[in-house]
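Take a look at the structures listed below.
Two complexes are shown next, each including chain A; its partner changes from chain B in the first to chain C in the second.
Here is the complex of A and B:
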């Protein structure tokens, strides 16, 4: 049985604004689902509907097979970590973490045991007597997380819990969250606009835009097999480059360059004769050294960002602006960027009308 | 589970509540008493002493909540002082008010005594646990 099922979920606010359109997902126990998308895409609304903080306009929400649309938030067996942590300032860490059980009047021994276990998991054993005002941002975030752990809810919802942390702490917290997920074996549903968080922590990613699901897949699938141009452009930093051109005689022809299309791609897009087609190339698939079958393209380097072991080149190729991400571990790599190669074996083609990726018959099946 | 480990994090609310009971009972006692006293300078002195006692009792309650042993002993003093007041009730206070006042004084002094003895016991056990296990003081820091 699925742990959580969202079936044809719509959310329409009283003013008539529709925030979520036909949201569908089936979540298994122990999954780490990350909802990712730009601001205003409806990801937090979905999370709040799961939590019961927003009413579901249409569709069904099931937890362990039981319909939960009208069930009160407290009875849904879920806990939530908020972006601002929502800690009680007048309570110590111990009291904050045990709050969900205190209000249920649970025996003090059980409460103590649960809080000590959770404190050990989130590494707050030595801060249990402290008040939130005396904790760092990362520690506060762990208190909020610990509170969820103490509640022993099956599903833990998190609404951008790392967004208030600095970059270093965010990296540490990402690792801690992944470890926590492995230790607890609970189902996590996590909302973020940061695609790095999504790629590093998720077992499955739900990419959303304008209230609609764009793609649901593993981090690998979302990155390497984007469903459409939105996903290709949103997931990955820097984003995927899109170049519009045509296919003629087995070659992709665009303003300023033309390239041979590998056989496996030609088999997919060879019959695409509806006019222009969009080539999608990840920045790291630009090379400044030739491998077998690579053809050079002429590119003008508009600017360059040095990033240690790699460099970002802002390119002008014909009339297109592109970003290339070049590794600098080869001799002379930095200097020689005037002639570039595109690894076409990893490229994608998109239909400019529908913006969907053109797939092989096998993928369609 | 060792209950002393719990006491590193859980406050001594029982002692606190018993001292707060003293505070509430003493306030009631003061109101009863003042309504039936002759208006002399003793009345003003009585009110001032009781305001001071109330503030002191509140401090005792707050400190006992966090297992402060010295304040547990002061709580015992507060209980004995309250009991001693039984013998200072002036003649002008007559029954049934006198009886009510006596009941309030006895019950509040018993509450303060029990609360403070509990605090003495818990504070000692907690301190012994901290010393025996070499608990880092940083853990106890607020």
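Here is the complex of A and C:
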């Protein structure tokens, strides 16, 4: 049985604004689902509907096969970590973590055991008697996590829990969260606007934009097989380069581009030979060495960012602006565009009308 | 003068201290004078020798105060009005403010309007009096219940509750708190400072409650201290006609002594409550 099912979920606010359109997902037990998208894409609304903090306008939500649309948040077997932590300032760390059980008048020995267990999981053993105001940002965030652990809810919802931490702590917390997910036997549903967080932690990513699901897939799938131009541009940093051109005689032609298309791609996009088509190239698929499938390209470097083992080149190719991410760990590798290739074997083509990626028959099936 | 203060800062400091000092003296003088007058000798007081400090001090008048049964009954009455009145008022104000601040409350705008309306418009004294008497507000519990809330305090409390981030409430809801647990386990402890302030407002207004108690209460054994004192002031000269003329204190001293006794409880309680003032409790609970 699926742990969590959202079926045809719509959310329309009283003012008439529709925040979520026809959201569908089936989540298995133990998954780490990350909802990602730009702000205002409806990802938080979906999370809040799962939590029961927002009403579901239409559609069904099931947890362990039971319809939950009208069930109170406390009875949904969920817990939630908020972006601003939402700790109870007047309670100690211990009381904060135990609150969900205190309020249900749970026996004190079970409560104590659960809190101590959670405290060691989130490494707050030493801080149990302190108050939120005396904790650092990272510690507060762990208290919020600990609260979820104590509640023993099957599904833990997280609303951008790392966005208030500084960059270094965020990287550490990402690893800690992944570890926590492995240790606990819980399902995580996590909301973020940071595609790095999505790629690093998720077992499956849900990419959203303007209230609609753009793609659901593993980090590998959303990165390497983006469903459409939005996903291609949103996942990955720097974003994918898009070049609008035409296919003529098995070559991709655009201002400044004249690239041979490998056979396996040509078989898919052959039918587009009469209209414009969009080529998608990830920055790291610009190469500074020749190899099979690497098509040479003439580019002007507008500016460059040196990053140690790699460099970002901001290129001007014909009338197009592109970003290239060049590896510098090869012998004699230079961060310039004197010799530049595009690895066409990894390129994607998109239909400019629908913005959808053009797929092979096998992929469609 | 301290180093590092500019001339204008020094000027401001001097001005501020003078102002605060002046007002403190104005407030402090009557209390000191009342105390001095209560323990000064009869001749010294009646010849106008008492200006600030006591002259020929004698505490004998306090024996008379101690023996005044009516005073102690009214004292107990006032304690009763203050304690139960404050608890009742706080309960009504806190639960009312919580509900009025919630968007999910049906007809919220209308209820809020009705509460605020009473702040700007009042029916006037005579209609109020008729209303109270017809509702049977002429006994102890009547006084406590009928003067339960002041609209201003509800609005104050509501604003304070609304400053608590929504996420706190949502977290508590997910943790399983019902509305009452929400109010008593989350909102109240997070608003200690505001509650202390409002409790003090209610307690002082109950302690000093005079007008409506005098208008409404029928039974002399239910009178609060302030009403009893007023009646005493109206009548004490006749009372002293029955006492021996060679008393060491003046009749006025007796009134001053009663006055001093009546403010002692406030003096004792105030420091405990003032500790809670201006102390935010929710610091650090959410990331600002």
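Quick notes on this structure:
Just so we're on the same page, the second predicted complex is superposed on the first by the 358 of 365 C-alpha atoms of A that agree within 3 Å, B and C clash if a C-alpha of one lies under 4 Å from a C-alpha of the other, contacts with A are read in each partner's own complex, and residues count from 1 in each chain.
By our rule, contacts are C-beta pairs under 8 Å (C-beta built on N, C-alpha and C of every residue); 3 or more make two chains touch, one makes a residue touch a chain.
This structure is a prediction, so every number in the text was calculated from the model and none was measured.
By the touch criterion stated above, A:6 is placed in contact with neither chain B nor chain C. In the superposition on chain A, A:265 makes contact with neither chain B nor chain C.
Looking at the shared chain after the overlay, A:326 reaches neither chain B nor chain C.
Applying the stated contact rule after C-alpha superposition, one finds that A:41 touches neither chain B nor chain C. By the touch criterion defined above, A:134 reaches both chain B and chain C. By the touch criterion stated above, A:99 is placed in contact with chain C alone, chain B being left untouched. In the superposition on chain A, A:229 makes contact with neither chain B nor chain C.
Chain A is touched at more residues by one of its partners, and among chain B and chain C that partner is C.
Looking at the shared chain after the overlay, A:108 reaches chain B, while chain C stays out of its contact range. Overlaid on A, the two complexes show chain B and chain C touching the same residues of chain A, namely 131, 134. Those residues of chain A whose C-beta lies close enough to touch chain C in the complex are 51-53, 72-74, 78-80, 82-91, 99-100, 103-104, 131-135, 137, 140, 147, 151, 164. Across the interface of their complex, chain B is touched by residues 92, 94, 108-109, 112-113, 115, 125-126, 128-131, 134 of chain A.
Those residues of chain B lying in contact with chain A across their complex are 1, 5-6, 8-10, 136, 138-142. Residue ranges of chain C in contact with chain A, taken from their complex: 165, 167-168, 170-177, 181, 185-186, 189-190, 192, 281-288.
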